[in-house]
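Dropping the structures in below, format is structure tokens.
Each of the next two complexes has subunit A plus one other chain: subunit B in the first, subunit C in the second.
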Partner chain A sequence: MTRSGFVIANLFRRRTRTILTLLSVIMAFLLFGLLQSVNHIFNAGADFVGATRLMVQARVSFTSPLPVSMVPKLEAVPGVARVAYSQWFGGVWQENTPLFVFAIDPLRYRDVYPEYLMPDAQWQEFAHTRTAMIAGRQLANQYGWKIGQKIPISSNIYPQKNGSKAWAFDLVGIFDGKDEDWKKRTNVAFINHDYFDEANQFGKGRANFFILELTDANRAEAVSRTVDAMFENSPDETKTQTEKDFNLGFVKQVGDIGLIVRWILFAVFFTLLLVVGNTMAQSVRERVPELAVLKTLGFTDGSVLGFVLAEAVALCLFGGLLGLLLATTLGAMVEKGTGGQFALRLDVSVWLIGIAAIVLMSIAVGLLPALRARRLRIVDALAGR
Partner chain B sequence: MLTQALAIAGINIRSIPERWGSSLVIVIGLAGVVAVFTALLAMATGFESTLKATGRADAAIIMRGGSNAELNSGLDRDSTELIEQQPGIATGADGKPLASAEMLIIAELIRKDDVKNGANITVRGVEPTAFALRPRLRIVAGRSFTPGLRELIVGRGVLRQFQGAELGKVVRMRGSDWTVVGEFESGDAHDSELWTDINVARSTFGRNGSSSVLVALDGADGLRRLKSAVAADPRLTLDVLREQDYFSGQTKQFRKTIGFLAGVVTLIMALGAAFAALNSMYAAVAARGKEIATLRAIGFGGLPVLVSVMIEALLLALAGGLLGALIAYVLFNGLSVSTLGQNFTQVVFNFKVTAELVARGLIIAVVIGMIGGLLPAIRAARLPVSTSLREL
Partner chain C sequence: MSESMVQVRSVTKVYERGKQKIEVLHGLTLDIPKGDFVALMGPSGSGKTTLLNLIGGLDKPTSGEIVVGGSRIDQLSSGQLAHWRAHNVGFVFQFYNLMPVLSAEGNVELPLLLTRLSAAQRRKNVAVALQVVGLADRAKHKPRELSGGQEQRVAIARALVSDPQLLVCDEPTGDLDRKTAEEILGLLQVLNREHGKTIVIVTHDPKAAEFARRTLHLEKGQLLEQAA
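And then the complex of A and B:
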């Protein structure tokens, strides 16, 4: 019998126990994988955004819009190549489903966000049709919107001139993202700022965000400072930050959820460590006489330690990988079920953390029993002392 | 039979210290489940109770039709004044309607544990009546703002979570300086706000109306009268909501999200713990095989053995559940956190571990304990006496 065969045979001697232990390891890593991917959403997720873009908002808060007349001033700042702007529309679909709808200047936005892909003809039509709207692939798929349709969307902020908050737009284009990360960000729709500005009842010529495309990413610091200094002490004081910082800050607004998730992870992991560790210790305790026999037969202390450790590693590795796999499948199902709104994806980094956790756990739960097995003195063990 | 079961259970329980290790698995596994479950729901409960405490049943909030939140709402000066003249609104001692036009502004403050990213904070411009409409709100340090000056008072919740708005500090908004002159406490969602005079806010932010109007209702049918008068007036398109309902309505989404998270996490963890409990109860039964067989041989029945194993599993589970609830209570009860509320601003609230939550956690623990105990108990009851006795 080979050594690995011996380990496997040992594992299956107490079939119920092995299977039950395995199941608890699987559950723990399923939870670990899911929570880690949620944690991931809260912590990072902003790495892929362009380093050459700055977001300008009102210093008091981005909910106070700034005048669009700032555009030429911003464009004159050295290092700024192009300026786009967008305003939150407060879109509502049907009864009460909020939508991400922004009023933008189409051609400026297209220049600043080359990550959004759409045929040129559709961009042109968007720019030249006043009531036009374009939607991201994800959003269009979710609600079954087709090009050419009139899409009814209400605003929970802006009434039209006639006082009605029910708007309707002509869908003239559907855009895609250039890669996986940007495809996830196609759950938005855009309408024409010119038309919106004219047709709504108040708030003329304003925008929540100005997006600056820089000539050179290294000038981000300098440009932010210049812009903020330019409007200091005016009613329209600005706060300029990189797109990455902006996104990070936006996610942080949700608050301490990240912290709570870490607490849960800790609790789960701790519980698991004790449970599995205990089972391992027990299985070694029960086999003390056998291990002594092995030693009598001439197996070295080192190889007895190896047997016990290998059992722990096998349990953790098999259960852990299965748990992570399950989490990946479940995460993909959640992502599909919510139309990509909740991207619970277990990407490479989550897997790497998961594998690190598996290794850590194998050592933590296997080492003590293994050391005990190694220290075993044949005489005492056989005598049952 | 019961006496037999109790006798065996007594022996079992007294022998637990002899085999701490495997019993600990159940206790700790269930402590983990109950701690996580209680902590998550304590968060939802805390958020809910903060918002539910906010609204009064005898007051109504009036916003532009279809706004959903004060942030989205905007009323011009004419509508604001018109609203205050509607029927159904109580009158104050001075003979004027008990109504406060309020304007919502959002400012950014930096979290205490952060250096750069700002979080949205509500700044509420109010009329003097606002204080009468919220009797629970008290100034606890400094003084109230002076109408006409750029002064702010700050809620206790803001001070707990954010920096830069302490008493005496200057907050910068729209190119002007605002001095914090007082602290207030209301024990509800207003603790997460800064307050100032609405007229100063109007002139600084270049707006002349309000976001909403809060009114005290006149008698039990005040709301009905107000609603029908507003609906009948062609100049007004408004939503009139009982203040309590407005704030309670904001908790649904949060409760749903946290409830879902708690459900999934608890279910998975509970499965893990149940497997572990099964494992250790099987081990406990196996270790006592000879003992059980002896008992059977001297006349104890199978059922008492089964019941005794179940009692042991349940007691261990209960101990684990209590430990978990205790951990959740010590670590989380009263913990102050904040998250985004309806107005896209931070709502500061405290975790609240209630007796009901603890009870629910214990029920979960007992159910898992039963699952973990039943199969091993059946095995114990069916143990063939003769073979077990021969086993070394």
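And then the complex of A and C:
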């Protein structure tokens, strides 16, 4: 037997209680790891490395549409190969099921997104049928849509000219993704922008965002700067970013992600402090005579303090590291599942902050019970006073 | 047996309970030679356990001197006293006070964690101690898997394992039936006679006191007599 063996044996004296406490530590650090990496993603600076497409939106918000007339100017920017544009439709299927539906220019979109696979005949029909709609494989499978069907979709934003928010589209094609990553992004439908633009009651000739296909990935940052500079001080100032940052921007609309993450973590760790602190306090309380016996045998007050503190450290360290490890695994799974769009990666900084949190928490939950153990007077403890 | 193991000189012990001061020992003087086996008897509150705690270095006197094995223990600091206890005295309690999470051998090994012995040497010493108390075959058992008598034997092995010259036992048979109690007392007698351990026990039981070489009676914090 060693001192550490003794600490671990004591830790598991009430197996169920320790396992439950351990689970709460694991869960807290799992959350910590995942939320910290979410925070990290949202706070990270723009990363243009390897970007082959850029998204242009209104500088204020992507909810403010930009004029489609910007297309030729964007096409003229050196480094831009093609331009497509897209308008959020805000579709609702049946009673209240929201759908991702965008109004696009079919052939421009096809050219900019070769990752979406569909027979050319269907692309052509989509382009030449004003009321046409194409749906991704996931979406079509989910609702059992077949080509040739009339799909009734209402818009929670755009009424038609007659005031009705009920729209109907002819499903002329079903597209797939070129690989597993892109197959996961087929939960979306597209309608013809020309028809939408003509039939809706509000603003004409506008799109929420433009997609720039680049001639050279190395020029992404330069193109981004050129585009934003071009429209600076105009009524339609732009914000040009990578697709990845653009997608994150969607989530940011929810609110201040950093603040939300901080509050969640505060709540989690505060609760954890109470749970683990209570476990440690209870553990010391119920073995006061044993601690007194240790002192009787010759262990100093400092050694007894060390034993109790070591139990807190072991509990937090084991649970914390396991939680961070789980977060790393889950993060990698999320990253893989979203095709790299949501890189939930626990980098070194998250691990370092996590380890610092483990140390701080160990001290916070272990110090008071350890000091109590240190202060125990042998004769009083043995006499049950 | 003439060399002194324990010298208690004019010891007074006062406890403070709130604003109340209780003097438990009043200028007590006592000598216990090396190799002696002394039973301390007396009514509840007479100061037996207090005296035992002072001799074992678990507590300090309010005034007076205590010398054990040549060390003036009343002058040691808390840390020095802990170190002194680890090397000079073994304790046996009424309710055994074993660590429930450790096996018999783990319990016996515990005091050896304070030494610089190797793991192999520690295991060897533990085996010898368990053999001395007749529990070599129960080494892997946890306290809850042992009878009261066996638990007390483990506690005695724990007290013995670092080879202290002094054993202090507070009501070591108080929780045992007569037959088991006599076995335990017989074991203490063997340790005293064959291994030369100086033993001081506190007991209420005159039968238990018969196993000692001599009995000291305490009453109201003072030594009444010394009986052969």
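Worth a mention:
Criterion: the second predicted complex is superposed on the first by the 197 of 385 C-alpha atoms of A that agree within 3 Å, B and C clash if a C-alpha of one lies under 4 Å from a C-alpha of the other, contacts with A are read in each partner's own complex, and residues count from 1 in each chain.
Going forward, contacts are C-beta pairs under 8 Å (C-beta built on N, C-alpha and C of every residue); 3 or more make two chains touch, one makes a residue touch a chain.
Since this is a predicted model, take the numbers as computed values, not measurements.
Of the two partner chains, subunit C is the only one touched by A:Thr2; subunit B is not. In the superposition on chain A, A:Leu272 makes contact with subunit B only, while subunit C stays out of contact range.
When both complexes are overlaid on chain A, the residue A:Gly144 reaches neither subunit B nor subunit C. Legend: residue contacts after superposition of the two complexes on their common chain; A:Pro72 is shown touching neither subunit B nor subunit C. Once the two complexes are overlaid on the shared chain, A:Arg13 sits against subunit C while remaining clear of subunit B.
With both complexes placed on chain A, subunit A has more residues touched by B than by the other of subunit B and subunit C.
Overlap of the subunit B and subunit C interfaces on subunit A comprises no residues. Of all residues in subunit A, only 1-3, 6, 9-10, 12-13, 289-290, 293-302, 378-379, 382 touch subunit C in the complex they form.
Interface residues of subunit A, counted against subunit B in their complex, comprise 16-17, 20-21, 23-24, 27-28, 30-31, 34-35, 58-61, 63-64, 90, 92, 96, 154, 156-157, 159, 163, 165, 202, 232-237, 239, 245, 248-249, 252-257, 259-260, 263-264, 267-268, 270-272, 274-275, 278-279, 281-282.
Those residues of subunit B that touch subunit A in the shared complex are 21-22, 24-25, 28-29, 31-33, 35-36, 39-40, 43, 64-69, 71-72, 74, 105-108, 111, 114, 116-120, 172-175, 204-206, 237, 264-265, 268-269, 271-273, 275-276, 278-280, 282-283, 331, 337-340, 344, 346. If you check the complex, the residues on subunit C that touch subunit A are 53, 56, 58-59, 78-79, 82-87, 91, 93, 97, 99-102, 105-106, 109-111, 113-114, 119, 158.
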